[in-house]
Amino acid sequence: MLSPVEQFPVLIIAISLLSAFTILVAGLVNKKSCCFISIATILLQFVMSIVILDHVLTVGTIHYWLGGWKPPWGIEYLVDALNAYVLVIVLFIALICAIYSKRSIEHELPHKLVSFYTVFQLLITGMCGVTVTGDIFNMYVFLEIMCIAGYALIASSKIGLKAGFTYLVMGSIGACFVLLGIGFLYSVTGSLNMHDLSLLLPPLYGNRVVQAAFVFFFTGLGIKMAFFPLHTWQPDAYAYAPSAVSVIIAAAMSKVSIYAFIRVLFSVYTVEFIQIYAPLTTVISWLAAIAIIFGSVYALAQYNLKRMFAYSSVAHVGYIMLAVGICTSTTLGLTPAVMHLLNHAVMKGCLFLIAGAFIYKKAELWDIMKFPGLGRKMPYTGIAFIFTALAMCDIPPSAGFVTILYLILAFLEAGQFIFAAVILFSVIVTFCYFFHVVEMMYLRVGVEEEIEKERGEIPMSMLIPVLVLAALSWIVGVIWLMKIPFPILDAVNSMFGLGVVP
Amino acid sequence: MIEWLVEELLAKYNYWVSIILILIGFYAMIAKDNLIKKIIGLNIFQTAIFLFYISLADIGPLPKGTAPIVSEEMIHMGYVYVNPLPHVLILTAIVVAVAVTAVALALVIRLYEEYGTIEESEIIELERQRGM
Amino acid sequence: MIIPIDLALLALIVIIALVAITVKDLLSAIMLLSAYSFLMAIVWVEMHSVDVGFTEAAVGAGATTAFLIAALTRTARWEKG
Amino acid sequence: MSEEKRIYERDVITATISRLMIPFIQLFALYVIIHGASGPGGGFQGGVIFASSFVLYLVVFGLAAAGKRFPEGANTALMSTGVYLYAGVGLLCILISLGVAEYLNYGFIPLTHMFEENRALGMDLVEIGIGITVMAVITEIFFNLVWKKEEEEKEKEEPR
């Protein structure tokens, strides 16, 4: 006998799918209603995800066997602390983005409201599916649903077409690699359930097929999450997508891909595999370190605001992967990585919301050189930008600071001082590029009469999400410092057998 | 040497063909300039992976099985059938493949309307001229 | 599974795949892709996976080809270079 | 009407043969959907075959005639109907079995008294739902790929 809460993982996906097609029908009658259906659905899903998180932390892991088939044979939906946490992040960002998109999409894609919200809802279905499933092939299918929706959304604006196609080609190659990896694992174990695989694999760690499968997973998911040498699709896609789409793909979709990689690394291949093949963590750490330096330096060179944030995202994917790479040699385990999933989602989500707000105000405001006087034209958005930029520059007690604090603690404990130096370098460069933007907005004087004429904020439905996320980028930091969500981190670390130095 | 050849190449010819096709598709996706050719390459790539999965189900220990359509009498008569699970996985993967193809083609049509060409290098050149 | 037929079909598939990505006429390339899918479907049916072979014949050789030709009617037919 | 007549005059053979073929293609598609549970085939394959009959109609009789036969609104409604049938069966099972049983299982639909028979019927319903959706989606994709719509032209005229 299951409690009703344990039915929620499957209901979250079913409701989202139903809503996507309800939007399609409602769009025939009334185009304006699409947005409200989407917001209502995501709100319901968000409440359900919070209930799931509470249930997981108080009662225990949720196992849902579809059709009543037991795990090695049937598909299992498995929600533990990490799943539930990522689910809450994804749905929160989706909620913010849906509220924001009402005016933004009406402005940018007025002829495509119905199809936009349908595909948006399918994207959320895919993201929820990847997070809740415990079956590796099911994860591939949901990953593809998510990415196909992502390709369509990025290419929905004219300037995003080329970026969307490039992403489609690279993403499909990544998906094919993941599919090959799954095939390799299936050929040696005969199982697709992640927990079952983690039990069957340890005797086979020396097998070439298993190792090749890992390389396929690493490459495929590396493309999906824009990890350093495979990030080439990412800056264009983030920069030229419609504003609301930039928010959801930068803040939520990349997190889901990283989650998928963490899940494969620690739930399918366990910590033992990483310890046997220790160079693996070295490779991940060094690639991540290069990603951080590369992303930060390239962000410094950009004049397109959204491109700058996109390169900054490359650096922050590097932060998370660096934390993953270091996790076996410290007592902190995955703590900084799991923390930064939330912190980066909130901060980068807010930054892309603000970039979208500037473009909403005036179409040419993607160029930093046209910013002078902007701070006085849009006072609230400007202040929100300053606060988020300070959080990105890791001023205590912001969200960015907490990540840096724990990352550096981890490096000091592991004795990897060079990575601490990399992080500090990145912080300085981050400060430089954000200072450049703030200087352009406030310290350079624009043409005065024009300012008086154009003063005016973005609409409330866009401003409130911006202010909420800007406030959260500091509140989250305080919450982490007060150690309120630490039960999640402890559960994740103990689940993967981390946090103990061998 | 000849025994090795027979064992490694001929006995597992399905896998070798599947690898060759994967490489052909991968090459077309990366190196071809034409966008429709890239999509053709993508289809070849995916189909080759499906061939790999089907070979997994089929090439197993002897005796080789029959098609996995099972009835009572067949079980009584002691028929062995091939593993149906990879088949089911590939059914799902085919759905994904056709969805990717459809989205890619829609993008190609819109790219052609926007730039008047489906050659990637020309599109990049046009984008550069527009200063993006 | 009859090995000579299998080998012949697979060899033909490889050749068709190679020609499909080299030929300059995109309509020919698409029709070759259709033939490729259909031969692949035959190979799969011959490997006892009737269900997948059936699907590939309907989807790969049918629907995908129809989509590709539909897209070709609204873009260019010849590959440059 | 006039469009159809003109094609008749031009391509008598294709028009006649496709008029003969289309009902049989659709009948085969229905067979594939219904027999999906016990043999090769199923909702997806049947839906694709059903859609291919519409594709044939479009190829032979032209866009205008096909657009009159399959209006976009009806197609959209069919797409959603299929998904409602598909997800509705599952949701109904969860709702009915909420106090009784554990997991999503099609056996709980109150269609007959036999649990196993219920499960088979539930699967058939799901297959039919998938079939309807796939048919509508494939038709819609093909029409959209061929058809240049007025909306897109309107969008093109507007400066960005």
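Labels A, B, C and D are assigned to the chains in the order they are written; within every chain, residues are numbered from 1.
Assume a residue touches a chain if its C-beta (ideal position, glycine included) is under 8 Å from a C-beta of that chain, and two chains touch if they have at least 3 such contacts.
Everything numeric in this text was worked out from a predicted model, so none of it was measured.
Visitor: I'd like the Å distance between the centres of chain B and chain D, where a centre is the mean of that chain's Cα atoms.
Guide: Chain B and chain D have C-alpha centres separated by 26 Å.
Visitor: Can you give the whole-Å distance between the Cα centres of chain A and chain C?
Guide: Chain centroid spacing, chain A to chain C, equals 38 Å.
Visitor: Starting from the mean Cα coordinates of chain B and chain C, work out the distance between those two points in Å.
Guide: 11
Visitor: Residues of chain C touching 2+ other chains?
Guide: 50-51, 55, 59, 63, 67, 70-71, 74
Visitor: I need the residues of chain A touching at least two other chains; which ones are they?
Guide: Where chain A meets two or more other chains at a single residue, that happens at 158-159.
Visitor: Going by the touch rule set out above, which residues of chain B reach two or more other chains?
Guide: In chain B, 69, 86, 91, 95, 102, 105-106, 108-109, 113 touch at least two other chains.
Visitor: Select the category (line, ring, star, complete, other) that matches the graph of chains linked by touching.
Guide: Shape = other; not a path, cycle, star or full graph.
Visitor: Got a list of which chains touch which?
Guide: A-B, A-D, B-C, B-D, C-D
Visitor: For a test of understanding, state which residues of chain B touch chain A in their complex under the given definition.
Guide: Touching chain A: residues 22, 26, 29, 35, 38, 42, 45-46, 49, 52-53, 56, 85-86, 89, 92-93, 96, 99-100, 103-104, 106-108, 110-111, 114, 123-124, 127, 132 of chain B.
Visitor: Quick one: which bits of chain A touch chain D in the complex? Just the residue numbers, please.
Guide: 1-2, 4, 7, 10-11, 14, 17-18, 20-22, 24-25, 27-28, 64-68, 111, 158-159, 363
Visitor: Mind pulling up the chain A residues that touch chain B in the complex?
Guide: Spelled out, the residues of chain A in touch with chain B are 137, 141, 144, 148, 151-152, 155, 158-159, 161-162, 164-165, 168-169, 172-173, 175-176, 179-180, 183, 186-187, 192, 240.
Visitor: Mind pulling up the chain B residues that touch chain C in the complex?
Guide: Contact set of chain B toward chain C: 13-14, 17, 20-21, 24-25, 27-28, 32-34, 36-37, 39-41, 43-44, 47, 50-51, 54-55, 57-58, 64-69, 81-82, 84, 86-88, 90-91, 94-95, 97-98, 101-102, 105, 108-109, 112-113, 117-119, 122.
Visitor: Under the touch definition given earlier, write down the residues of chain D that touch chain B in their complex.
Guide: Residues 38-40, 42, 44, 141, 144-145, 152, 156 of chain D touch chain B in their complex.
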